[in-house]
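Note that chain A is present in both complexes that follow, paired respectively with chain B and with chain C.
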Partner chain A sequence: MAQQSLKRIAKELADCKASPPTGMSIDVASEADMRRWHVVLEGPANSAYAGGKFGIVVVLPAEYPFKPPTVTFATRIYHPNVTNDSSGNICLSLLKPENWKPATRLLAVLEAVRSLLVEPMPDDPLESRIADEYRSDRNEYNKNANQYVQRYAMRSVSFDAAANEGGKKGSGGH
Partner chain B sequence: MIRKFFQFNWKRKAAEATISSSTILPNKRILASAGPESSVVAAAAPPTPVTTASNGMDSEDDFMSAVSSEDDILPDDDSDNDDMSDAEDFDFDDEPDPDLGMHKDISDSKKAPFDISFKVYQPSDIQRQQDELINEVNMILDISKEEAAILLRHFRWNKERLIEDYMDSPSRVLEAAGLSQTTAGPLKREVIPGFVCDICCNEEEGLQSFSIKCGHRYCVNCYSYYLSQKIAEEGEAARIQCPADGCSLIIDARSLEILVAPELKKRYHALLNQTYVEDKETLKWCPAPDCQNAIECPVKKKDLDKVVPTVACLCSHRFCFGCREDDHQPAPCELVKRWLKKCKDDSETANWISANTKECPKCNSTIEKNGGCNHMTCRKCKHEFCWMCMGLWSEHGTSWYNCNRFEEKSGLEARDAQAKSRVSLERYLHYYNRYANHSQSARLDKDIYHKTEKKMVQLQKESGMSWIEVQYLNSASQALQTCRQTLMWTYAFAFYLSRNNLTEIFEENQKDLEMAVEGLSEMFEKPVTELADAKLKVVIMDKTSYCNKRRIILLNDTADNLANG
Partner chain C sequence: MEPGDQQDDLVAQEAAARDYQPQLEGPLVGKKTPSTAITEEYAKADPIYVQKTMVLPQTYSHYRPVRGDGSCGWRAIGFGYFETLIKRGNRAQIEAERLRLESLNEFIENVGHIEPYVFQDMAEETFILLDRISDVIDNQESAMAELATAFNTTAVSDSIIYHFRLLASSWLKGHTDDYGAFITSDSGCEGYCRDTIERPNIEIDHLGITLLVNVLLKPVGFVLEIAYLDRSPGSEVNTFRFPEEANNQHPSDVGPIIHLLYRPDHYDLLYLADMDLQVHRVDSLSHNFRITEAPMAFHSFSAVGDLALMIPNFGSPPPGLAPSILDVAAASPLSYTPSPGSSWVSSPFTDPIQQAPPQTSTLPATVPVVTQPQAAQPRQQQQLHPLRFSEYCQLPKYVENDTWQEPTFQTSSFKNSHFNVAHYNNPNFQPEEYKPGQEEYEPPSLRNSIRKRSSV
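Here is the complex of A and B:
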């Protein structure tokens, strides 16, 4: 299966490069490792994240596409569905093993991440405090999200934090 | 005012914050269907009745390991607080609170006995039931059997509701269940020119492909890999969807037949059977290890505060249909849950109490309890005493009262908080001690029976007695174990019971059963040569039936008194 899955990954990567999705630039982390993608996502204009550049790391397991990819934010972000720490885990229902479909494309996954920035899902939160704030005090939420953008998402994107995921915090996490 | 029903005091140690609730256990059919019948089942299964009996007891060993830990920590003053937080935990359980609606229900439930008849189904029965329902729906609704199966699963096997809803709007039902309305020819592997698999991106010529009715077509390799991963790794069977993004069509059994290896088909069908049993509230798996039977019983979850639905599997394992724990009559499930949790939390306290050795009150030599009987005789000084109260055995003919009942000290209301905590701890230990003692004795009784049985086999050979002629020992052992189990739970029951005019009847019954059990247990201490004696055989048979009778009386009275007051 691993060999077959490389063919699929190569095709997806070529498609993404040929016509990149709105506001995203996509590449592999290194030519040697097709299973690790680095994505730079521009904060959507109609969202609290406008103006920011967010690093997203996509890791494709050996059983991909039969097992879902893992997607994490390498850039700190203030969002109900992303852990507010250097690991940047995302809660997306289509990435849960029981919901994942092998025919789902990474393009669709990335689109889903992007729309999560436009429209957070406070009912399925990873950060319940931020979710509460999003529901009850939208201005405060917008202010905090923008503060995070100013502090973390205004410089050139670094993927170090995600590379150090689970270990000691890297420079990108600061 | 005379209280008319049993009341349970869940917050045992918080005297001011006591919540009381009544519990109704009105049905005698519990006893009729689970008690005698099951012993008939077990007794009617020669030539290895001991093996079947040990099934149930094995799980009791596991169960007991939860209440006694190896830790040797002495109790401290915190135990009082621990207990209160216990009680609070229970109040926040997602289970319906047993206190709610109890009082207003009493008049109704008195009139409405619970049907706790039960049936045991073997794997072939479970398969047949599904097939029959599928065939019926297949004929009535004119849809394929595979689709009928998917619809039935979607409706949790409620055939009537399925047919009604389907007649109303077939399209809505089909869509909700993950079925397509389009009629397609028979599904098969196909080679389609120019086909590219969207999963693996393979486009080689002659590539076999497959799709279900939605038309989302993938190569056979990907399709079958997808299915095997769902079945083998995720344990999914009833609701595997088409691999396409956003397509919720369910893959039916026939498509699966076309795509996966034979060993996975077996697993697939086993999983389907599992969902069948799990989907039906009236069906539960027998919890005995290696047993594949399911039990059907109509008792609903909401009734578990009023009835203890003990069932007996063909494998001879007796368990509660409500919570799948070992038989715990007369205690209701909720009480059992609380008690087991309490014992687990207090296990370090209970540990030193349930120790297996005691000192002879006369000569202080260490005595190990080696049988279920409470009548101890010191090997060294021949002093006879009671294991429970350490009192003289000679005084026990009439003073059993002191041995099964804990006198509630009037000092309970003492201002001193520490004294209060000590009293409540003592009270708990009193009941726990007896509970644990019966649990331990049940195992020792079984061990003794195993040994006796071996000797009986020998005796059979030497004296020419037939297998049938020694069966009375098997029945005696079964009765002993069943009665001990009941007796064990009466102490958990009594722990939560608020004292009123009915508790005395309960304690009388408990005392009578206790005596009957001790009397029978003593018989197993006899040397084998005496056991073969015809007179003793009659005595043992009498004691056996007396034990069974006392147990039935206790359970009946408990149920009646609770129900009618």
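Here is the complex of A and C:
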């Protein structure tokens, strides 16, 4: 039964690999499991996250494309729209069940994640304290974000933390 | 730097809300079930629902529950489409449908502006199911089993109905002039497709049904009829057919009909009581002749037209069937002649208490029962049994006289004994009632004057 959506996933994967968003490299976690992607994103140069390397895990549920993929940060990041914990849930309106459309391409999802780093959305936060700081004290926010980059995002990317967390929950976030 | 406990709670709450999935029960498409189950479900609902669901099984003998996951309307129509193809049992028609739907892929791509990679996998499931049905079409049971399996396999079922969603949205995009006026939101046709049709688990609305019927059912000659079970006035469900022009036509003049039951925000499939007869209409006519020839009690229904009303597809459309039978039964007393078969009527009167001659003659309620037509008989019985009259009530004096009065007993020793019905130990205990103007009653003026006297 999952055969059919695997065709779609293979096509999506080929497209993403052929022309990935700027600074992204994409691969499946293992050849055996096409539904789990590991993405490495270089912090965009024009953002507070420049210089960092962030691991992102994309999981395509069995009901994909009728249910949205779950996207989580494997690397800790200081961001209004990403939970400040080891689960790294992302709030992305594109991926909310009420907004998701089966026609949405995974390339567009990855683009959206990248642009979230360039331009956080403090009006729809997962971390309201960071959102407040982003709005009221941009310098402090930049400083903290950079501190996190120095502490967590300067080494080679590891997907283990999110692998356990995301795998168990199976419905990470957006 | 770490978020506080409160923040954690909030995050956990938000996550729970995000991940919340309503508990949905039952299979995606259930088994054919006697529709009396719907009557029972509504037995305690408001009177309009009770009335409408009481007569529902007379028109529609069965229904097929569809899971209420937000796609039930799409799923029900999709299932009905395949089921009707199976009922027709025409392999050539199924193969023609496969070709037609395949050619619509181009339509989805060019007019619907949906990229092939999105819908190809989904349309493929539709074609696979059509092929499987076509392979076993000579055996309807196995064809229905294929259909039920496919529609209850989530990935397959969702793919097929999403394929149908895309057909409907493409149909709208290709006919904006025809349907544009029905879209009230500012986002227009594109927005309606994006926000309503192309989103999984958003329920089908009137426009969606119209689009799906026009792209999927109309070209193959199928008609969709929806019975609306709601609180609108009336004694039975209102029905409406798609396409609209099929509405005032006789069922035999339109193509095969897929019946849906609509309850606010939910669709199930319905099946007419005479579904098999409808398929083999010639057979039903020959039955008709056999019945009229038989020396049955049918001669009491004087007009042949009445009989025709009872034969499906003959005389009036199915929704009118139920009342017409009732009318015939209600009108029958005039022509009704007691036959040996109706001797059971006397059975309720074997009750020893009611057997005595003076009682039957003085009980007005029981007298008409003997001459009642059969139709009204059961109701009378129900009223009689729970109500047992005490022997006092059956004396003409008490029955006929509205102003029944407590017998007055002179001796106080009798009055206080259990032979007095006003005594709680009496088996026919009847509490004494307050009766102004009776002799034991103390007039207020007298009492007042006594009180006044004593207080002074």
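Side notes on the structure shown:
Here, the second predicted complex is superposed on the first by the 164 of 174 C-alpha atoms of A that agree within 3 Å, B and C clash if a C-alpha of one lies under 4 Å from a C-alpha of the other, contacts with A are read in each partner's own complex, and residues count from 1 in each chain.
By definition in this document, contacts are C-beta pairs under 8 Å (C-beta built on N, C-alpha and C of every residue); 3 or more make two chains touch, one makes a residue touch a chain.
Nothing here was measured: the structure is a model prediction, and the numbers come from that model.
On the superposed chain A, the two partners chain B and chain C do not both fit; they clash. Once the two complexes are laid over each other on the shared chain, residue contacts for A:K11 go to chain B and to chain C alike.
In the overlay built on the shared chain, the residue A:S25 is in contact with neither chain B nor chain C. Comparing chain B with chain C, the partner in contact with more residues of chain A is C. In the superposition on chain A, contact of A:P102 is made with both chain B and chain C. After overlaying the two complexes on the shared chain, residue contacts for A:T70 are found with neither chain B nor chain C. By the touch criterion defined above, A:N142 lies against neither chain B nor chain C after alignment on the C-alpha atoms of chain A. Of the two partner chains, neither chain B nor chain C is touched by A:S158. Comparing the two interfaces of chain A, the one with chain B and the one with chain C have residues 1, 4-5, 7-8, 11, 63, 65-66, 97-98, 101-103 in common.
Across the complex, chain B is touched by residues 1, 4-5, 7-8, 11, 63, 65-66, 97-98, 101-105, 108 of chain A.
Contacts from chain C toward chain A in the complex involve residues 1-3, 7, 10-11, 14-15, 18-19, 114-115, 117-118, 120-122, 124-125, 153-156, 158-159, 162, 194, 198-200. Of all residues in chain A, those touching chain C in their complex are 1-2, 4-5, 7-8, 11-12, 62-63, 65-67, 83-85, 89, 96-98, 100-103, 126-129, 144, 169, 171, 173-174.
Listed in rising order, the residues of chain B touching chain A in the complex are 198-202, 216, 218, 221-222, 225-226, 229, 234, 236, 241-247.
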